[in-house]
Each structure stands twice: as C-alpha cells, then as structure tokens.
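One structure below.
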Amino acid sequence: MKDQNLYNYVLQHADSSLILGQRLAEWCGHGPILEQDIAMSNISLDLIGQCRMWYQYAAEIQDEGKSEDEIVAFRDAWDYRNVQLVEQPNGDFAQTIFRQFLFDTYSVHFYEMLINSKDERLAAIAGKSHKEALYHVKWSGDWVIRLGDGTEESHDRMKAAIDELWSYSGELTKPNETETKAFEEGYGVNLAALKEKRDAKIREILTEATLEVPESTYTHEGGKDGRHTEHLGYILSDLQFLQRAYPGQEW
Amino acid sequence: MAKFHSLRVTEILRPTEESVEVTFDVPDDLREAFTFIQGQHLTLKKDINGEDIRRSYSICSCPIDEQLTVAIKKLDGGAFSTYANEELKVGDEVEVNPPHGHFYVPLDPENANSYVAFASGSGITPIISIIETTLRTEPESEFTLFYGNRRTSTIIFQERLEALKNRYMGRFSLYHVLSKERQESDLFNGRINEEKIQGYAGRFFDPESVDHYFTCGPEEMMLAVQSELKNLGVPEERIHLELFTSPVGKLGGRDKEITHEKAHAEITVVLDGNSMTFPYDSDKSILDVAFDNGADLPYACKGGVCSTCVCKLEEGEVEMDVNYALEPDELERGLVLSCQSYPKTDKVKLNFDV
Amino acid sequence: MDIKSLEDRFNEKIDKDIRIEPKDWMPENYRKTLIRQISQHAHSEIVGMLPEANWITRAPSLRRKAAALAKVQDEAGHGLYLYSACETLGIERDQLLQDLHSGKAKYSSIFNYPTLTWADMGAIGWLVDGAAIMNQVPLCRASYGPYARAMVRVCKEESFHQRQGFEIMLTLCRGSEEQKKMAQDALNRWWWPSLMMFGPQDKDSTHTEQSMRWGIKRFTNDELRQKFVDVSKPQADLLGITIPDKDLKWNEERGHYDFGEINWEEFFNVIKGNGPCNKQRVDARRNAYDNGAWVREAAAAHAEKKAKKQQAA
Amino acid sequence: MKDQNLYNYVLQHADSSLILGQRLAEWCGHGPILEQDIAMSNISLDLIGQCRMWYQYAAEIQDEGKSEDEIVAFRDAWDYRNVQLVEQPNGDFAQTIFRQFLFDTYSVHFYEMLINSKDERLAAIAGKSHKEALYHVKWSGDWVIRLGDGTEESHDRMKAAIDELWSYSGELTKPNETETKAFEEGYGVNLAALKEKRDAKIREILTEATLEVPESTYTHEGGKDGRHTEHLGYILSDLQFLQRAYPGQEW
Amino acid sequence: MDIKSLEDRFNEKIDKDIRIEPKDWMPENYRKTLIRQISQHAHSEIVGMLPEANWITRAPSLRRKAAALAKVQDEAGHGLYLYSACETLGIERDQLLQDLHSGKAKYSSIFNYPTLTWADMGAIGWLVDGAAIMNQVPLCRASYGPYARAMVRVCKEESFHQRQGFEIMLTLCRGSEEQKKMAQDALNRWWWPSLMMFGPQDKDSTHTEQSMRWGIKRFTNDELRQKFVDVSKPQADLLGITIPDKDLKWNEERGHYDFGEINWEEFFNVIKGNGPCNKQRVDARRNAYDNGAWVREAAAAHAEKKAKKQQAA
Amino acid sequence: MAKFHSLRVTEILRPTEESVEVTFDVPDDLREAFTFIQGQHLTLKKDINGEDIRRSYSICSCPIDEQLTVAIKKLDGGAFSTYANEELKVGDEVEVNPPHGHFYVPLDPENANSYVAFASGSGITPIISIIETTLRTEPESEFTLFYGNRRTSTIIFQERLEALKNRYMGRFSLYHVLSKERQESDLFNGRINEEKIQGYAGRFFDPESVDHYFTCGPEEMMLAVQSELKNLGVPEERIHLELFTSPVGKLGGRDKEITHEKAHAEITVVLDGNSMTFPYDSDKSILDVAFDNGADLPYACKGGVCSTCVCKLEEGEVEMDVNYALEPDELERGLVLSCQSYPKTDKVKLNFDV
C-alpha cells in the first residue's frame, strides 16, 4: 500500500457513490413518473461511473493487483466506508429526494473544492464529477421545492423525510481522522469551509420549499470508519451475490 | 475456477508490423497443466491502467514441439494487443491460464482425411497449429486453406505457411485472398464471403468429401462460411468454428465503435438529380465524409437500422459495417446504407434518387 | 372535401410511400389500429423494464451494472417516444396507462417470463431485443410519420442492446462450466417465448392483411419468425450452445431452417393473463403509478403556484 | 448417489420447508399481535426442524460427505426444488395466512400418507412432522375463518390474498416425474388421493370463512424441478450470505 | 381500615419478605413505580427482539437459525409475561403499547444499537442477556408476587440465552482469523453499551433508594455493574478476546476489577432518543402495531359473531 | 480456510476404560503442515448420522518425537468421543485439520524457569505435552502439576506421568487431586477450587517466582484458577488458559443438559419442621429425587436462577451445577440451590426452614 490514508480517503468516496447508486437503481422501473424514473437511473449511472474512477484509483494505490470489482465484491460491511446516509432505504419518493439532496449539496461542493487537490488524479476525478453533481443538485433541489411547496400531502411527506434523514446529514461534513489528515496533507477538502457553503445551500432551498431547517445538530456517524446501520448488510448480500457465489469468473 | 500462473516470456518475434509472436517458458511443475491440443487457446491477464484485462489467444505452435507460442495482432485502440505489441519484452512475466477450448478434432495416424480451413487475419493462429499438427500426425490426410488478409504485408506466418507448403507438397494447398491488393483472379480479391466460397467449392475442394471444416476470423466471415457450407449440404457437425470477438469489440457496449483503417478514394453522390464528387481520405463513413463536404444527404439513425440513408451503389465497391435494415433482395439490387459504407475501390458512386 | 376523396388521397399517399402526419386526414380505423399497435409497443417497453431491472442490483460487475442500468433506461425512453407518438393520434398518456393497469391493453407476452439468472440478461438482449429489432426495423418505414421516426431512435438503441446481450452470452459461454450451463439454461427458457413474440401464426392473425396494406406492418408474423430462426441458429453455434428444439434443421430446399411446433397453448395462456409473471408485472406498474399519484399532484400544484406568482409579478 | 429419484424427492420437501420457514421468520418481531408473532416463529421453527431431518437424509442418500448446511448454502436457485408457493412474499397478514393454509392443507395430508412409506426414514420423518402439521393447519385454518368472517376489510384482504396466491396452489398436488416415480416405487405419496382430501379441506374452511373457492384450475409450476419465480434469488442471497462470504467455517 | 394501618400492614409484609399480591392494598406510588419498572422491562423484551431478528434470515447454519428463532420467540414470551404482570396492576396492554409508540415509555438503551455482524448474536447473548440476568435474578425475589413469578420464568430462559451467546462467541474465537476478528469487533461495540444497561451511576440514580426499600430493587446500579465486570473479564479471557478498556485491571485491595469511565454523554444521548437505532426500533414496533390493527379488529369481530351464533343456538 | 487432510490411524491405546489414545500416520508431503508446538490441538472431522461433527483434541505427544497422538475421553452421549472410543480402529482414515492454537510459551534451553499447571480430566492432554517437552528442552527448568480426577482408575497418562516423575526427579512435582476417592490430606480431596489453590500456594509453589501457569479443564476449575491466582497477585500475562468446552456441552443449547454420573448417598431434608430421609441412587438433582420420594419441596425454575429451592446444607457436601441466584455471602452461610445439587458425600442433610 502506497498511502493508507489516501486509500481510505478514496475508498470512502468510492463506497458512498456506489451505495447511493445502488439504492437509486432499486427505483428502476418503479418511479412515480416515467421521466423521473429515467432521471434517477441517470443519476445512478453517474454515481456508478464516479465510483469506478474512485475504485480504480484505490486499486492503484493499494497496488495488490485487485480489480475494481474485487474491491467491491470481497469486502464485508465493516470494510465499507460509505456514509450512513446513503444506505438508508429509499422510502417514498420524498425520502429518496431528500437523501439525494443531502448528498448532492455535499458532493457538488466537495468536487468543486477537490478540483484544487494537489493530487492530480483526485483533481481529475473531481473535474469530471463536478459537472454531474451540478446537474444532480439542481434536480434534487428542484424536487425538494416542488414537493415542499406542492400539495399538503407532499409537504407533509417532505417533513417526514426530513425528520427521518436529518440526523444522517452531519456525517458528510464532520471530518474523521482520514479527512483531517487528507486536508492537512493538501489533497483533501476543507470540510469546515464546505459545511458553511452546504448549510447555506440547504437553508436556501428548504426556505424556498416552505420547509424548516431542523435545529438538531445531533448526527449519526461512523460509516466513514466502517460502522454502519443494519441496512448495509442486506444491500451487500444482493450486490455481491454473484461474485461470491461464483468467485474468480469473468462476467 | 480460473487459476493463473506466471510464465516468463522467452522470445518475441515480429512477423509483421502489426503483430508479435510471444513464446513462454513452461517450468517443469507446470508442464502437465500446460499440455495442449492443437486449436486450443490461453487466457492472458494483465492489469492495464487499473483495469483487469483478460484476453484469449490461440496457441499457434504445435503440441508436438512442446513449445507454447501465441501470435497477437495489434488492434488500434486495443488494450491488450497494444500492450503486447508495444511494451511486452523478453523476460517479463505474464499471468497465463492453462490451455482450454474445443476447436479441434481428434487426430489419428490411420486417418486419410480431407480438411478445409477458412481463416482471416489473426484467425490463422489456431488454424496453423491445427494444419501443422494434422499434417505431421496423419500422413495420409490433406489440408486446404483459404486465408484472407488485407495485403501481403500483413500476412502473419507467411513464411511458416510457405515452408509447410514446401514440406507437404501435394497434401497442403494454400490460397491467399486479399482485400486491399489486387491479384490476378477475382476469386481471390476481396473478402471471404458467401459468393467466394461458392466459387471455391467444386473447384478447389469437393464439399461432399471433405471430412472437417475449420473456420476462424471475424464474425461476418464465419457466418458466411457457415451459411454457405450449409447451403452446399455440409452437415453441421463437420463445421468447426472459433470466434475471436473481443469482449468490448464489435459486439460490445455502446461506447465502442468499430474502427476502420484510413482509405483513399473518389466519391460521387447523386441527390435530387445533382451529382457531386469529392475525395475520400478518412476512416469515417461515406455519409459522414459527404456531409463534411457539404452534401446534405438524408439520414436519421446513423446506426444501420432505419434505412433513411439508403442509396444505390452505381460504381465501385463499398464495405458495410452493420445492416439491420436492408433485406437480401434489396442488397441484391445494389442498395446500401451510406451511413455504414466505406469505400473498397478507388471510385465509388452512390445514387440517392432511387 | 368529401370522405371519398379524403380516403383516395390517403390511399395515394400510402401507395407512394408518403408519410401520413398527425394533421393529415386518416381513416378512423387506421387511427385506432395505430393506437392499439403503438400503445401496445409502448407498454411493452415499460413493462419490459421490469424483468431486467430485476438484475441491476445484482449485476456481477460495475461495468455490467452500468450497462444494465443504461439499457433499462433506454427502454423507458422508448416508452416515452412511443407514448408521445400515440398522443399525436389524440389520446392521452394517462388513458393509455389506465388501460394497461386495468388489463385492457396488452403488451408483449415475453415480459411475463421471469429473469432467474444473470444469463437471462444476456438471453434477453440477444434474443428478445433481437426479435424486437426484426419486428421493428421494418417499421422505421411505417406510413405514420411520428411512429416511423420514433422507431428509428428505438431501433438504433435496440441494436446496441442486442450486441450487448450477445456479448454477455459470449462471455458466459467462454467462462466456467457453470457459466456455460447458465447460458444454456437461459437459452432453453427464452427460446420458445422469443418465437412467440412474433405473435400467432399467420393463419390465426386477424389484422395482418389490413395492416400491411396500410404500411404499418411490412412482414407477416411467420415471415419474421422464420427470419429470426435463420439468424439465431448460427449465432447459437458461434456461442457453442444448443437451441432447445430437436426439430431444428437446415432445409436445403427452402433455404431456411425448419423448426418445431410452438406450444400455442402456452402462448394463449400467457396472453390470457396466466403467464408466470403477468400479475406481478401489471401489479408493479400499477403500484408505481398509484404510489406516484401524490408526486404528480404535487408537481402540478407547484407549477400552478409558480405560474400564479409569475402572473402576479 | 444411491438413488437419484429418492434424493430429488427428499430435497423437494426439504427445500419447501426451509423456504417457507425462512419466509415466516421474516415476520419475527413484526407480527400484528404478540401472540401471533410467537405462533409464526413456532411454525417457522417446526419447518426448520423438519427441513433438517429432510436434509440430513438427503445428505446420506447423496453420500458425498456433505453437511445439511453445505447443501443449503452452496446451491444456486436453479438447484432448489421448493414449490413456488413458499417463495412468494409475505405480503400482509392475510397473504401469509393464506400461503400457510395452502401449504398446511397439503403437508398435513402429505405427512399423514407418508407415514405408510415403505422407506423407513421417510415414514419416521412423517410421523414426527405430522403432529406438527396438524397444529399448523389448525392455526392457519382458524385464521382463514377469522379473517374471512371478520370485518369487511379483513374479508377483502382475504379475497385479495386468494387472488394473489391461488395459482400457486396447484403445484403442490400436481405430480412431477420425481413424485410419480416415488409413488410407483412405493415410497412416495399418491398425490391424486391427497388432492381430493386437500380440496375438500380447503372447500370446507373457505366456506366457513364465507369465502369462495376460485374456479380457475390454472397453476404455476416448475419449482419442484428448479424453475422459480424472481423472489427466490433474493431469498437465497440473504440465506446464504455468511456461508458464501466465509466458506468452510464452523459457526 | 384507615390508610395508616393499611400502610403499616403493607410495610410489615415488605419487611417480612411476604409477597404483595394484586388484591392487596398497596401505596399508589408503589403501584406506579412498579408499572413503570415492569412495563419498561416488557418493552425492552419486545424491542429487544428486533436487533436479533435482524440476523435470523442470515444465520450461518440451520442449527443457529433455529436457536436464534427460539431465542427471539422467548423474548416475545417474556414480553407477554411481563405485560400480564403489569395488567394485574390495573393498566391495559394497549395503553402500555401506546406509551411505547409515542415515546413516552422507555426501554433498555442497549437495543438502540445495531446488530452489524453475526458475532453480535453472540455478544448480545453473552453480554446483554448476561447483564439482564444480573439485573433480574434478584428480582425473582421482588416483593410484588406476579412480577417475581414472571421473573422466575424469564430468568431461567435468559440463562439459556447467555450460554448460547457465549457458545457462539466461543465458536467464533476458535474459528478463522476473520471469525475471531468478528468476535472481537462485536465485543468492542457491545461492551460499553452493556455497562450502560445498568443505568446511571448511583449518585445520579433517583429512585434507587425507595425501590430498594420496597424490595423491587435489590442492588444498586453500580453494584450490579461491578459484579458484571468481575464476571465478564475472566470470560473474555477464556474466549481469548480483549475488553476494550485500557483501565480495566484487578484491584487487589478492593477485590474487584477497576474499570474505565463510561461515556455518560453517549448514554444520555441514547436515552434522549439519539441512539443509532432509536427511531428505527420504535418505528418498527409502531408499524407492526398499526399494520396489525385490522387483524385485531377482525379477530374481535369474528369472536363476537361467533359468540352471537352460540347464544342464538 | 480450514483444510482437512485424511490421516490414517496407526495405533489405538486404551489408557483407561473411558478414553483412547489415537496415533496418526503423517505422510511425508504433509509433514510440514503437521509440524506442531507443545500445547496445540488438532480438529478432527467426521460425518456422524448425517451431521458434520468437528471436534478439537489437544496433541498429547511431544513435538520432539515427531509423533502425532491425541487422547479422547468418552463422554456419555458425546457424539465424537463415543465414536472414537467405540468405533474407530487402526487403519481407519480420519479427516484432520493441521495443528493450531496458542496454548504455549516459547522454550529456550537457556531458561531456568519455574512452571505450574492445573489440569483435570482430559485437560491433561495439552499439559502433558507441555510438561514433557519443557523438561526435555530446558534442563534448568522445573514443573509442578496439580491434576484433578474422579478416582485413580480414571487418570489418563498415569504411567507416563510416573515415568516423567522418575526421569526428572527433583524437577517435576506431581500432585493428584481426587474427588471421588479419599486421600490422606484433605488438600487433595474434592475438586480443584479457589480454596484448594490457596492451600497449595506458598506450600507447594511460590506464587511470586513462578514464571508461567498453565491450566486446562472444565470451565469452573479454570475460572477458579484464574481468579485465585489473580488474588495471589499473579499478573495476567503469566496465566495461560485452554478451554475444552464442547459446542453443545455445558454452555450449549437448551436441548442439552449437563449429565451427571450416578451416585449413592443418604439424603435428609427438613421442611416445616419435619424431617425425612431417603436413599439417593440416581443421576438426578437432589430436589428431583426428593420429589420422587414424596417430599413436597418448593421450587420454580429448576434452572438455578430463582432461588425458590434454596436450603441450608447442614451435613455433608454437595456439588452445584449452576448458580445464578445465590450471592457469595449466602454461599458462605451454607445456602445451596437444591435443584442444582448433587451429593458428594455419603450423607447429606438439607434444611428448607431457614
């Protein structure tokens, strides 16, 4: 392993993109509107594309000759480093939208700032992903507004979604050791600065959506260090099934 | 489960500009695992830019010689073949999976068989091993090979084939079919297709008395061989196929297009009664090039399915990549899809007013 | 103009291969037949998303996962194009969906079969999308303009799907014994249903003749089916797997493959609603629609609010 | 393998018991009434106990030194021989009840008749299981009545459950080759005779429940020969996860 | 009799270790405290089903699957006994459940932690059921009869659970490196929450003194916690895994293990509702209850119909 | 992953009526895999009635002798041990997983160490290997063993231990502790428990100067050893434990109960002022037997948790299985749970009126 901290940093983002992409893919064929079914597949596709870049870089750093798919298929939950937010169930459309919104407000600023990483590969990944994230946050933000400021039912559902997910929001911007070190060493992003921008964005959109920003600052955490909710295990048992059942094959 | 072993490269030859012949050293403890039958192939594995690339290569050496050699033709943009042609060197270790495949028939010195093979390009690799092993093992058998290539300079194994011809004079017949170089008989100009095979049958081999046919090369050629032999009444179990398609090649995902070689020609298109002529010096489709030259030709899918770009070929020849749209009778009438067409002759004339 | 001359002009256009466009006059029956045909096709695209979506979360590699997602997304797109084409004939998407959910409208029988292994993703691409292309490519020249144009886009993408499917099969056939077995098993299960996709035999097919005259069908069911068999057999040989039909053999005389009798009882059973997954599929679509009602309402309500605000401003 | 047909016959029943037991276990902690939560666990426990007897016998017949758990964990869906009924999702309580009722009316008669099998092991398994099946059918039958003849809502839900599951009923009593041979060779049960008894029982209970016996005789089939619905794959990816992820361990 | 003499008689019984039975007079506060304590315990049993039920479908062998099912079923049974005991104090089960679902009633903080690997099934049995036994065995001699009798049944089963849990840990600790890592990881995650199960420190514990006087609590939180540590440390040694507390060491003088400071902030956070799974657990119970409403109504309606019929007959 | 190899049984000895010593042949190609350290164990695997049974057995032979032997004590109702004692024969093949375990300390001929071990029953197996290997490898070190058994006739390795004593006189001290056979000193009667160890310490070894302690046997004994040594100020890292608990034994599922040997005694119980006496000739608890004899004793859980069956032991000794209910001070006052009690002396008197 060339650089353990860099590896962890990369894996963290790879895993978050993958798991969120996987969750969104569950909607495929079941969306509330055909156009939004397509939109969710699209974002899922982007996220899977992003995670492949991250995993390929992770494999290079790790330098054990593993492929991206081996990294994905042969780790158990405790080795996954995604934030807990992305493993939360889809719930109703409001919940999916709000989960996405919480993630997108993070990732759009994350990639925007990561473009200045002194690690060229990270900067390159960021450059490509930032464009996508801009589209994502536009989509999820618009829907937050539409649902928040739509009917009474949709407003209530959005409130319930916020209630459900708010406590998973903070992990994204609360640096763990890996992130602190990554920032110090100049290749990672300054999460404090990011948090400010993101909080402003969240406030702006929720306000337009006639929704309130919750006051609670309590946040679940640990996903980035391998401690997850009970959902992840089930996600992985599907995600990894074929590779586990027939190891070592080409597909 | 696929088990790979590290083998050391002991020799690299460069039979043509676009291919390498790679020989591996097989250590004693792997000798058994790496025993092979003529026609089988190896899977080589290499991490290229973080991607785990695995590609199959037929063994071109003879099992009798206990040597393990593959020939790898370079494809533009091809991941493994480019690596093998440009970076691989003697002494390197390559991850190799033991021989497998079913592209062979059992040999028997008692046999007095007649075999025919159709190969093109790198499709020769398993065939040459089959031919040599057969001729050496079955003294009473004879072999006929039709071998398609673009031009003489790209023929892999040219010398080895000549040597075989000399050694097994009377038992081995070899016919080169070239698509980009003119030969005397039209029978040997162009690609191996249904028509050509019809021409060969009866003339160079008797379809009825041939015991086994082998064919290896691009998908179109093989489908042509298969369908034409069937037309000639050959039972299926005598036709042996080996397909080379790469996992991301022609049949692959949407992000990979088929690549073409650059070519030169003069193109004339007729539309709404007007005709215009322009030079072609490109690797793009005729439709695209016409467009670049200001011709406003009809098209819609550019994928060979909608036939919006259909036109009549009035002069010269073209090669078509994909055709989902035109029926056989339409093809026979000379219709082609311009979005899928590439010039094969120096002059090509297409009429869109039909 | 009187009906007679309108009809003459319509027929003339048809004969001259001039496209009929939405604003043009057309016989009521032509319109109705088109609505039935196009909506049935649109429904097939949408329902067809389900069997394949079933393997996206379990795709064996990220590359395959992305490809599968993109494919299913394409199908949704096809649904969109086709519903739009249908709407030019004066019927609303919502009405069409309700007909699907109530069981009044049909969709392709093939999507009532389950996807049981990963190889089904290959078999569907290779055979089902392959059969679809065979059916649809001629429709790129259909007489109704919006339909023909939609078909162009659809067919182009279907050709990708078919190659992708074949390539999945090829990879499996070159893989381990188990993978090859998986591929063979998928072929065994999908082969006959694929042949059924072309619909009943010509002798039992009611609309064919009229539709061919109108230029919204170009080959008969049996012709297309034969073409499909002729193309698929050599492909199966290339893959090295066996089509599950002992009567399949080359007929020198006809210049075509002969093939065995289709189990028409199964076909009509599936059409009637007794396929392995009919209920599951329609339920899934209906649930998606019903559970999405509040979202559509919210979107509409918000749009209205916004419009009002803009007016006020 | 000593006797392939016997093996298949045994496996068929092992798999059906396991999968139904697994499905019922999903209710654990989520039942509509605490007492019924316990009842479902109880039946699930019985079924898992039964499948262990079956698997252990299967392992002996197979004679390859495999353990019951290896037989369970290392087969993919196409090697599973359970009827399609048991893999259907739990749905609401009515659906679970009706699925159970369809299975119990089969298994109570199946075991009753299997007691006379000329194969001693089968007879022994039947003896032990029959007592349990009697309790099961009593429970599910009572609930069919209670729900059918309860409130309007419960009646409608029962009707929906019947609608959902009826076409999976027939597979249980429609002999496949294995069963035909098993009967001919004297160790299997006569499904034609069983069907009569079962149909009568179903009619009796549904009538008491003020519900109608559907007329359709169309039945899904193939599960007993390895052709399943799309649900089974997901069941197995959870069921087998640990054994697949960490093969060859003791637990 | 006047209140005073009733109270005297009650106190006398308490002093003499004579059990208070439902029909006996008891001070209102005693009753209320008991309801709170017993219902909290009952809720813990029911909520406690969830983390473990989470691994039943994924248990690694049939034997383990059956054992896990049986265990979770036991917990449901414990819930039943305890709700019944509570009902003898004049409160309905339904009322108790509503308090749970509304968040008014509490349950043991431990069940707000997730079960993340199979080893958690071992750790919970060993530590959590172990701590429960430590808490509950003294309650078999509690002053309120129905409670004490319920505890007897509960404790007997808990002792099975504890052994089973220890045995799961033992098997893992003797297994592969990964299994041992799994066991250690589970210990790391469950150790501190288990210590928290005994409740706040004595100095912060409000009800302890009164409860002890009433004989419905026999040891203080800190006493029980110390006992638990003293018993668990050698067991961890036998397993060959390490308790995640660098301050844990034998104190010759006290004849007990010293141990590190508990993160009380975490404890109070979890109690407040901010544990990793609080919302998930209460939602699951509430959903089960709400989704089951129609079933309970149907059962009641049917019972009524039946009763009427029988009357009529 | 656990990889099992088939090893052939070359010898079976029967050191006591209830145990066998089984020696395996290790073929040359497995010699390396089966190299072991004193104190390690093997996992044996056998399909018994369709269940895949795996059990661990410590190696009792010495690594120096390059011999692989285990001793297996028969447990009533025990799956593997019964099979090994009753069915296994020379020439059979057994599936064996290579040696593993960490129950040892590294040896060094330079060491002049002092070691103490507490073993009971079959717990001697790893210990005897440790003792012999240590004494043979470290000429300056000394070893003291306390070995618990029921009676002399059930002592496994009796002869081998005597031989060691003779060979390493002055360096090896051996003390037998017997629970069902009386010896002169009370120090050696009964089970090895906290009290006993207190008695030994100072007298037979100096707790401070012992370098390493080893203990192997039933859980209770080991917990007692551990806690008492700790009391004596021994640091934890000097105490080495090896636990034999079987997967379904005492700590196992609900369907398995601890089994007891049949015993004989005369029991007296006092209840409500009345006393009754009856003979005990059973393997059930005293409570159960009293019941069978018509005594209406109080009980509730019969599981050692509720203390309903509590009583005072006024004469004789009993052995208690499980005790979740009584506190140390209560035990000290002589209280016992009758549902968990089994007679250890010929006369036992229990008073329920306290």
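Order of writing sets the chain letters: A, B, C, D, E and F. Residues in each chain are counted from 1.
In the analysis below, contacts are C-beta pairs under 8 Å (C-beta built on N, C-alpha and C of every residue); 3 or more make two chains touch, one makes a residue touch a chain.
This one's a predicted model, so the numbers in the text were calculated from it and none came from an experiment.
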Labels of chains that are neighbours to chain A and to chain E: D
Shared interface partners, meaning chains that touch chain A and chain B: C
Interface with more contacting C-beta pairs, comparing C-D to D-E: D-E
Chain separated most widely from chain E, comparing mean CA positions: B
Remotest chain, chain A as reference, centres from CA atoms: F
Centroid distance [mean C-alpha coordinates] between chain E and chain B, Å: 73
Chain A and chain C, separation of their C-alpha mean positions in angstrom: 35
Cα-centroid distance, chain D relative to chain F, in whole angstrom: 46
Intercentroid distance (Cα basis), chain C paired with chain B, Å: 34
Multi-chain contact sites of chain C, meaning residues that touch two or more partners: 58, 63, 70, 171, 174, 176
In chain A, residues with contacts to at least two other chains: 68-69, 76, 233, 237-238, 241, 249-250
Multi-partner residues of chain F (at least 2 other chains): 1-2, 247
Which pairs of chains touch, using the document's own definition: A-B, A-C, A-D, A-E, B-C, C-D, D-E, D-F, E-F
Chain A-facing residues of chain C, complex: 46, 49-50, 53, 56-66, 69-70, 72-73, 76-77, 79-80, 83, 118, 168, 171-172, 174-176, 178-179, 284, 287-289, 291-299, 301-302, 305
Complex contacts: residues of chain D adjacent to chain A: 76, 233-234, 236-238, 240-241, 244-245
Residues of chain B touching chain A in the complex: 1-2, 47, 49-52, 54, 247
Complex contact set, residues of chain C against chain B: 63, 67, 70, 133, 137, 140-141, 149, 151-153, 155-156, 158-160, 163-164, 166-167, 170-171, 174, 176, 234, 237-238, 240, 250, 252, 255
Chain A residues touching chain E - in the complex, by the definition given at the top: 76-78, 164, 167, 218, 220, 222, 227-230, 232-233, 237
